[in-house]
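Have a look at these structures, which come just after this line.
After this come two complexes, each holding chain A, first together with chain B and then together with chain C.
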Partner chain A sequence: MLKCSISEINNLFSAISGLRTLYLPVEKAGQALYGAWTPQARLCLDKLNTVKSPKDLFFPQSEDLVRFQREGKKISIEMPDAIDEKFVLFGVRACDAKGLQILDTVFLSDPVDTYYAARRENGIVICAACSEPEETCFCNVFGIDATEPAGDIVTWTVGDTLYWEAKTEKGAEFTEKVKGVLEEASAEEEASVAAQNESVKEIIKQLPFADLNLEGFDGDHLLEKFNSPKWAELSKACLGCGTCTFVCPTCQCYDIRDYDTGHGIQRFRCWDSCMYSDFTKMAGGNPRKTQLERFRQRFMHKLVYFPSNNDGEYSCVGCGRCVAKCPISMNIVKVARALGEESK
Partner chain B sequence: MNRNEALIPKLGVVTKIIQETPDVKTFHINAPEGGKLFEHMPGQCAMISVPGVGEGMFSIPSSPTKKEYMEFSIKQCGCLTDFLHSMEEGQMVTVRGPLGNHFPVETELKGKNLLVIAGGIGIAPVRSVINYCLDEANRANYGTIDIVYGARSKDDLVYFEEMQEVWPKCPGVKVHLTIDRPQEGWDGHVGFVPNYVKELNFSTDKTVIMCGPPVMIKFTLAGLMELGFQKTQVFTTMELRMKCGIGKCGRCNIGNKYVCKDGPVFRFDELDQLPNEY
Partner chain C sequence: MQEIIEKINELFENGTVNRVLAWKTGEFDYERTPAVFTKEDGLDGFSYDSFCAANLAKYLILETKKEGKIAILAKPCDTYNLNLLIKEHRIDREKVFILGVPCRCKIDVEKIRAKGIKGIKSIKEEGDTLIIDTIYGEKTCPRQEAIQDKCLACQGRTHVVFDEKIEGGEPANVEKIDRMAEVEKLEAMTPQERFDFWRSELSKCIRCNACRNVCPACTCTTCVFDNPASGVSSKANTDTFEENMFHIIRAFHVAGRCTDCGECSRVCPQHIPLHLLNRKFIKEINELYGTYQSGEDAQSKGPLTNFTQEDAEPSIVYTKGRV
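Our next item is the complex of A and B:
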């Protein structure tokens, strides 16, 4: 295990950004969001959750797919620019790291989404283990250990020291390159990290949502959950704003659209939301006409459809963003409890 | 790394346009250098686009055994299809495919007597199966083929010439046409498809392939059940809004199945396991 003093952390960031673009939580318009590091950046390393998850760095909110030229009856295709930015993502929490693995199952399965795959290959994920979980956290429900995130490199902050350990080959290679600004940690210090991890795990067990039970949320109960009368009440106040989908680290729905730039037609994709009324609207009608159906779709996807297709893995990581951001205070915890209650 | 061929289309050229009905045209599409853009199986689909206008999923009504070109029969009913209907021969379009699964012509349909039921533009995806089975190389693999096809009027029957001149002349094939209301110059059957299927009183030794408007599907399926058919012998092909066509953009799901990737072809007993949200 290596270490670096928090007071000198900008030396570490300076060394990293000398090698690759470094993205980390910074303050933008008073909120914590991932942004590029500069010596002047206002860092938000203590902030548990950024407003948007880091999925943006791999699956951007909007990205160009391909460009066309049209002249008379002729069309030509202009291939997109290569995705070649090498970058480091620092400060990724365990929930968001798991979120990336869930996106991997979608975008890296056949046929591979090469836009996403290129960014995954070009990015090194440096995680930050949690030391002060919030009341909205429930990552433990999904088997996530907040003190052992799944990154190329994991860091732990104990007191005024940052501890660093490479977890993958990619992480080890990169560690070699920045070793100059890191020191070896002593056995005692390593023990202090382990001790902090144990106490954090105890705190997480006591959090309000830690006991959420997802028994019965699987493919075997698909129709039972879908047809539950509870959806009407649960969805009644939903505004269909889509905030939950935009802050979610695992929501992957997207739209593909064309834009006439004046110099050609740019085809781009951008995040979309199953909460929106036009998401499934066709010339011949809409299979999800009401907000009840759209609301149900989102939670059925995360808690039933996705696990039924992916060996029981839920498409939720318990980051708590939707819990904190929903304007009507509806969330996946309330939904899971209401529907779980019913099947007892 | 190679860029995503699944999202980046190929260029195609419209080499022939046939006005099938007042609002349906069939387009022959070739690769710019000639020949077909790709091979497909009966029931598979492709995304057709005119950049700047839109992109949409269409079934491929031509049989894979048609070597010279691919066909797309498209009903005019929205922004993109308005544009497609205004095209002239020589117009380029973009095509992505083949997408989705296909009718099980090599497995569950093999050796079976077939009953093909279609309404309106629903004939498009099942025509590929008919012509595939009628191809000289494949004909021996299938038994009799009954085709029940209905449209609003005589003028709305797509592939009218094939219905009248080609298919009925093939050994073992019977074509049963019907239109919704009586019409001058029509001495065939008048009435809706579900009732006609019941009147024809088919024996249950057939495997059914069905496509048409939801209301037709619903009542025809009920009629088939009355005749003693099982849901395991009835296949259909579905359609929902799609963007990616590869099971990732998240909008065409019925329960845990994506119509673009796991479908569009489903057996009715499979659909029974899924929410009724289509």
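Our next item is the complex of A and C:
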């Protein structure tokens, strides 16, 4: 294990950004968001949840897939160039790191999404273990250990020291390159990290959602859950906004549209939300006519369809963003409890 | 709260209404979700306290289309939106029983979180102090510092429309702000500073549409931005200025109708001060056409939907001498 003093962390960031673009949680007009590091950036390293999750770095909210330009009788096809950027993502929490693995299952399965794959290939994920979980956190429900995130490199902050350990080959290679600004940690210090992790795990056990029971949320109970009369009541206050889907680290639905620039076509892909009224609109109309069906879709996808298609893996990671951000305080935990209650 | 519960039960029993639109407790001590309680199912989970910030008025558009009369619990600020909805024929007044409830200004949990208070288990009010029990021990916060922005700007307005109202106990000891002072601060900026301010705020927009969907003045059945046939249904930015346009257009659309309820800013996941756009319009309208408060009554014509010989005729770019 290596280490670096928090007071000198900008030396570490400076070294990293000398090699690759470094993205980390920074303050933007009062909010914590992933942004590029600069020596002047106001860092938000203590913040558990950035408003948008780091999925934005691999699967941007909006990206050009291809551009068609017309000059006279010629049409040229241009590919976007940003995908070549080599970058480091620092400060990714365990929940969000798991979120990336879930996106991998979707985008890296055949047919591979080459845009996403290129960014995954070009990005190094440096995780930050949690030390002060929030009341909205429930990653443990999905078997995630907040103190052992799944990244290329994992960091732990104990007191005013940052501890660093490479976890993958990619992480080890990168560690070699920035070793100059890191020191070896002593066995005693390593023990302090382990001790902190143990105490964090104790806190997590006591969190209000720690005991959330997802028994019965699987393909075998699909119709039972789908037909539950509870959806009507649960979805009643839903505003039909896209907050939950856009702050979610695993929501992966998108739309592809052509935009007429006047000189050509910009074919872009952007996040879409199953909460929106035109999400499933097609030639024959919209099969999800009311907010009840749209609302049900989001939670059925996370808690029933995804696990039944992916060996029991839920596509929720318990980051708590939707819990904290829903304008009307309706969320996946309430849904899981209401539907779970029913099947008892 | 007891008095309110008794009143609702009375309305149920004497057959005035068959359901009530109010707030329901949630998983956390501070969580309140808008909910409809029916006579049959009773008031299980009902709550009315400092966390019931959500404005329920807009839900009436759908609710009043249903069978029977519904009661709505309305804070003073919410009643302005009720008047607007009545005026614009979006709700059927005959099918609503408006029960005015007192308000001591609502608490914004995000403001408590912004102070670095994590792991909130419960929040209790003791006079002007909030006692916050957290996973990491007990914390305190002056109540004043956790008041919703929209409540700081409310000038203690009274219920402007109601069938009956429950009188509140002692008024809240909350220091209000001059709601136009924030606008004046922006007006005092140079055009470049102002541009930079809005670019920095609006570029955070994730286009979740929460501001639009919660807005009690945004009541189109299908928004033009949700209509794929409109040609402007843009789910993503085609350039980096588009978010700005979306919000400016929306502010234009509700100009002269916006009651300044502040819901847009309350629900914004990025805390963009959207209410400042609306408030700028209110300020301009007040200066040009005389002070007007949307929602104060259900009859008057709004300044932008009325014509008089004496009307001001500002140019397209209303600059007031500043460029």
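Here is the rule we go by: the second predicted complex is superposed on the first by the 330 of 344 C-alpha atoms of A that agree within 3 Å, B and C clash if a C-alpha of one lies under 4 Å from a C-alpha of the other, contacts with A are read in each partner's own complex, and residues count from 1 in each chain.
By definition in this document, a residue touches a chain if its C-beta (ideal position, glycine included) is under 8 Å from a C-beta of that chain, and two chains touch if they have at least 3 such contacts.
Not measured: the values here are computed from a predicted model.
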Quick check on the chain A-based superposition: chain B and chain C, clash or fit? fit
Between chain B and chain C, whom does A:Lys281 touch in the aligned arrangement: first, second, both, or neither? both
Once the shared chain is lined up, is A:Thr243 touching chain B (first), chain C (second), both, or neither of them? second
Applying the document's definition of touch, where does A:Ala29 land relative to chain B and chain C: first, second, both, or neither? second
For A:Asn10, is the partner it touches chain B (first), chain C (second), both, or none of the two (neither)? neither
Touch test for A:Asp255: chain B only (first), chain C only (second), both, or neither? both
Per the contact definition in the header, classify A:Ile328: touching chain B only (first), chain C only (second), both, or neither. second
Partner chain(s) touched by A:Asp272 [first = chain B, second = chain C, both, neither]: both
Superposed angle chain B/chain A/chain C, CA centres, nearest 10 degrees, is 90
Who does A:Phe68 touch here: chain B (first), chain C (second), both, or neither? first
Using the superposition on chain A described above, determine whether A:Glu132 touches chain B (first), chain C (second), both, or neither. second
Can you give the closest approach of chain B to chain C, taken over C-alpha atoms and in whole Å, for the superposition? 8
List the residues of chain A that touch chain B in one complex and chain C in the other. 255, 272, 281
Note: in the complex, chain A contacts chain C through residues 28-31, 33, 51-52, 61-62, 132-135, 203, 206-209, 236-237, 239-243, 245-247, 255, 257, 259, 261, 266, 268, 270-273, 276-278, 281, 323, 325, 327-331, 333-334, 337
Can you name the residues of chain C that touch chain A in the complex? 26-28, 31-36, 54, 59, 118-121, 134-136, 200-201, 204, 206-210, 212-214, 222, 226-228, 233, 235-238, 266-267, 269-272
Which bits of chain B are touching chain A when the two form their complex? 1-9, 11, 50-55, 77-78, 81, 88, 90-94, 239-241, 243-244, 246, 248-253, 255-256, 273-275, 277-278
Where on chain A does chain B make contact in their complex? 65-66, 68, 70, 73-77, 79-80, 106-107, 111-115, 117-118, 121, 219, 222-223, 226-227, 252-256, 258, 260, 265, 267, 269, 272, 274, 279-284, 287-288, 293, 297, 300-301, 304-306, 308-309
